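You will see subunit A twice below: alongside subunit B first, and alongside subunit C after that.
This part shows the complex of A and B:
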């Protein structure tokens, strides 16, 4: 099993010069620009989701990767989502359908003209059972665009407290199940590209993913520091974008390496995302990309920072587990083993999530949990009431529930959300809130 | 002589209460908010000082609350109405544990502890069907004024249920009931029963802890209180002397008074309550999200709300 390339240099001035946000934006722009050329250059293109996607295999065949979820959220970030969503509603889609799907249907109705550039037509779509909507979504492409679908059936959480241990009988049989599907997928890719799978190429890609995941884990861990060097629901969204789009690419490794260095330097200087960090929070659920900056601002006004979000785990396909390292001497088997682990990890953040969330509250020294419910995303939102009940009644952890949408601006009600956020902080303050964050801040000041 | 004003700029009504240093209510004011929030706050403040028989300059401190709390130009501090309601409720009835506030555009359930601290809260979803606006709409269809609603519904012998979860669809239901000859008082009472059901459901979501209190404009509506109590199978406390509608403003004033006492005890100055120059009302822009961003946190005496809302020492230690 490879453990190479896990070393990294000391945090220094090069780390300071790195601006993760602008570098992240540059990379996303470059990725869209590259996609625009794909059909013209006759490059194979695949649609993939952020959870359960076999990117490593596709990269080995030089597929250009389209992430429809990221296309949809980018319409939100660029404040153009409403137009796309309305088009799909004019077509007949209900307001209750996942707005990522609707923005994508709007994109098809606009003949793939996206605010970031033209999106190429795909010759293959990989869906998975990680969210049932993926399969329905792929079905639309298959019918409208004749894009053949390949659905991966990935094993996930079986019961509360169920643990998958690398190498145990259950994991071995899960991995075999996944590997059989990969073998079928490889045959499909070979038919599309007219090339045989190059296992050395796959191993190289996996090697890069290993390095990326190593830094990604560090990035997640570094936010346990107080003050937190970044906001998981603002800066973190840029990081996860790179983690998904550039997984297995050298640019992705470099970004994560520099980010890791940059954040280590920030932590060493005691520099937080929020100047005076009072409250450390966990965000559970999917973001409201269309108003995320405003939402974060509502919390930061009170000195509240999102130190962690389960979104950073499940929407990166569950890649932030320390035991996720590819054995590049057995690239295909190892890919299947890791995929089975990552799927489990990603799903366990959503199913039977109570204990895991309780652990994250301890790990990140959180003063409370903010749930962001989205009516159209049942995968993430259905269990929130129950998890919330568990945290507030059983563990006495303050929680806040707010509701809007992923990218539909019509669901954002500023005054209502602000009122809930302000009342949450007033209640936190009244109960003597922010003990962890405040104590750490005081200690830091005392030692300064 | 200390005078502290609490000003609650709600979506439908603006309410104001003036208290003295002992927490006694010495003045009050209520008026429709309209769409010019800064002007509404000035007007209700003028009404308040006139009612109390004091000058604006006699007011030591102003605490604002409600949706328009950021738009009160002369505020010293601001806080949400959830915190304000909780504090006033326990001040008036120390054994209050669950509060229901039915406002014009929202409805809140708040669970509090014995010190008036918010333990849990829930607000209605983004639908008006569980709010005062729903009743007002129904009344308007039946040709009634808001004040007539209660006495009119009290005559009902067979309330007609209104089942829709949407205020707009509920209106169509009302029309169809009227068309099929259902007496208007039964429709009105049916609307109240529906509202009561939704309100009690919201209370369940914070946990029904006995010691119930109703606040807001609905406290003036005897039929509504009855509908709620029947659903709750318990009694609801209502603030005496017409203070129910003013509960949020009273809570803000009481928390403001606590702040003043702390400033005095620490020998720190209290910033004077500003009086706008002539014509300044007209210059103020309408409230918007941008305005909110520009005006917070409030700048009264140089500290943010977080530091102004001082918890009791025991709470900090807990």
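This part shows the complex of A and C:
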């Protein structure tokens, strides 16, 4: 979810007019610039998280959107996170809690002065239960800044092998609960803005989200090609950033459309992110924003590319995991239905990650899975070692486990991580090279 | 004669406490064929709150799985859970992997935090024969429709358990379970009232042992034990000691070691606490008539306690701590958090900042269930108590 760490792969085409990296950077910069004036212009501002929000409703009320997670990761990208984190630890925060929260507390202590610009004060915060920390985080805003908070409770996947289909009894029941909450949220937004919800406006926004998701799904699928046209854990982070920040906005639709086109052209030309793709990998977990370029480099020097990452699903809102789009003739009901389904399939399934990863290994013809465990984020990390054990033992999938942090540079140990990455590739090589994934792709192509 | 009666009551309490201690010390789960009459299996559940009545009515003995304490040797879980995860999650995983919990029919966890939710995945991957579920109790209890949603979730759980035991759970049976738990809750309220009003009669450690015993025995048996204990406690002829009155918070999920509570009892009177708050989460009787599922759901919203892992706009974290202090006429607070417990650590800080503002003395302690050395903690509490007594005198 960044743009500042990105660089082109060696196989980028100069002829292609669209450069996702610079366009992404431009859009993120514009978004931050727009935020700076929000309080002075008396525009309503809402804090939202990437997993479980109601951006469509907020946009319909013209809320300016602040993503505290993106603010925190941007302190990492801009190499300023340590200062923010230390400030919060000096204030009393435990070293053992999420570093995103600590960076944000640091931001509050610095009176909202962020390296990307001043962050406006929010008139509303929406915290979902998809990550437990969201709620604790929002309680801090309630406490410090008196930000009114709405906890959006999204029922998730209850058990392994959980099959929820659109419209079935479980989905209908959960969607009803989500809709009840949206109804209350709308009343709150109406009270804050002094305006009634315009359902046509909501439908228009949903229509734009539908188009974004359509292209997003194409973009995800395009990386099944061999060689993969982009690195899911480097280029993919830009895509997620736009997917979140511009969700439901015309600029977001246009970015995704052009990205889709751009990647289709790359695939048609047989251009990959790395010149000589040798190993196709799945990345599981969150990035290490302070050292992402370095991490990716450690893999790419071996010809290893991250064809997919579960981060692309849960941190982009999980909508690619649903198989329904907004029915704009019933915008509110449909919003609840899609939100409930995305919570089941794209967000909370992190707790049963082995099921999803098994499918992704197959779909992306992956040679192995790289787990990035971090103390900061128990949402992704608590079950990781066990999931890894399951994949290695039951499915005989080669795996690598590395540890650092999202944005705390004190946890990055270059030599140690490099050793582990090298040992992983040597082991992969000894197993017969990387072409497990390639073979799977060839077979898929042949059967097609 | 008088001294014999006193001795008898002390002995009675001692016997009950021994029984309670034995019940919770042994982590092994009773095999299905050795269970008390009326139960065909056990259902494990993780803190904080779980509607035990539904399992009870299904003939599954509810067992609150509370980790492995400080006597468990970790052989398997270290490789399955990062070192940054709290001890209760790691040792619960160990108890699963080492076979201690093998005879459970199932295990239910809750969205109290992300580490706890991951236990459902770990269970599913490693113990596929057990029912492994997340009961999605809501973090929003303030929107119209919450009760309906919780009722639907309880109904779903009921269906899962019915399928497991192979027979339906009749409403009447569920209502009987509710009555049984209401009787139990009433005695627990009385235990806590005594601790508030006459703290010299029952220490925090004793109260904890009495409460924790419910995690391993049928509610009715526990109620009978509690009645015996309360009778003995009421007849105790101990003298009030000159100790500061303190509220203890932070024991809502991972369990503070017994030795830690003993060390605290040495120096202060713990007049209220949140230890095992899930077992006392419903603060009043659940209506024993009408739709029993709805009655349970409504009680969760309208008649419930608070903890760091439940969000309720009506109960700010500072607000409910201040209420506890006020209701218990406490002089100070002991603010604990389990190591690596993100919600606990966040609230510990919030509480301490607030108590600074309102000038209430407090002591911050971090604990881990696997701690084995308590001398330093005992000294900290002693010094804290002395400073309080000095300030109060």
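Throughout what follows, the second predicted complex is superposed on the first by the 416 of 448 C-alpha atoms of A that agree within 3 Å, B and C clash if a C-alpha of one lies under 4 Å from a C-alpha of the other, contacts with A are read in each partner's own complex, and residues count from 1 in each chain.
Convention: a contact is a pair of C-beta atoms (placed from the backbone, for glycine too) under 8 Å apart; a residue touches a chain by one contact, two chains touch by 3 or more.
Note that the structure is predicted; figures quoted are calculated from it, not measured.
Superposition of the two structures on subunit A shows subunit C fitting alongside subunit B with no clash. In the superposition on chain A, A:432 contacts subunit B only, with no contact to subunit C. Residue contacts after overlaying the shared chain place A:223 against neither subunit B nor subunit C.
In the superposition on chain A, A:354 makes contact with subunit C only, not with subunit B.
Annotation: apex subunit A, arms to subunit B and subunit C, angle 80° (C-alpha centres, rounded to a multiple of 10).
Look at A:156: by the touch rule set out above, it reaches subunit C but stays clear of subunit B.
When the two structures are aligned on the shared chain, A:173 is found in touch with subunit C, with no touch to subunit B. After overlaying the two complexes on the shared chain, residue contacts for A:386 are found with subunit C alone; subunit B is out of touch. Taking subunit A as the reference chain, the count of touched residues is higher for C when subunit B and subunit C are set side by side. Figure legend note: subunit B and subunit C, brought together by superposition on chain A, show a least Cα distance of 5 Å. The intersection of subunit A residues touching subunit B with those touching subunit C, taken from the two complexes, comprises 403. By the touch rule above, subunit B contacts subunit A in their complex via residues 67, 79-83, 106, 117-123, 125-126, 289, 292-293, 296-297, 305-306, 309, 311, 315-318. Residues 79-82, 84-85, 89, 93, 111-115, 117-118, 120-122, 124-126, 128, 131-136, 138-140, 142-145, 148-149, 152-153, 156, 308-309, 311, 313, 316-318, 337, 339-340, 342-343, 345-350, 352-353 of subunit C are the ones touching subunit A in the complex. Residues of subunit A touching subunit B in their complex: 278, 294, 297, 301-303, 392, 401, 403, 411, 413-416, 418-420, 422-423, 425-427, 429-432. Across the complex, subunit A meets subunit C through its residues 92-94, 96-98, 101, 129, 131-133, 135-136, 139-140, 142-143, 149-153, 155-161, 170, 173, 176-177, 180-181, 184, 348, 351-354, 373, 375, 378-379, 381-387, 389-390, 403.
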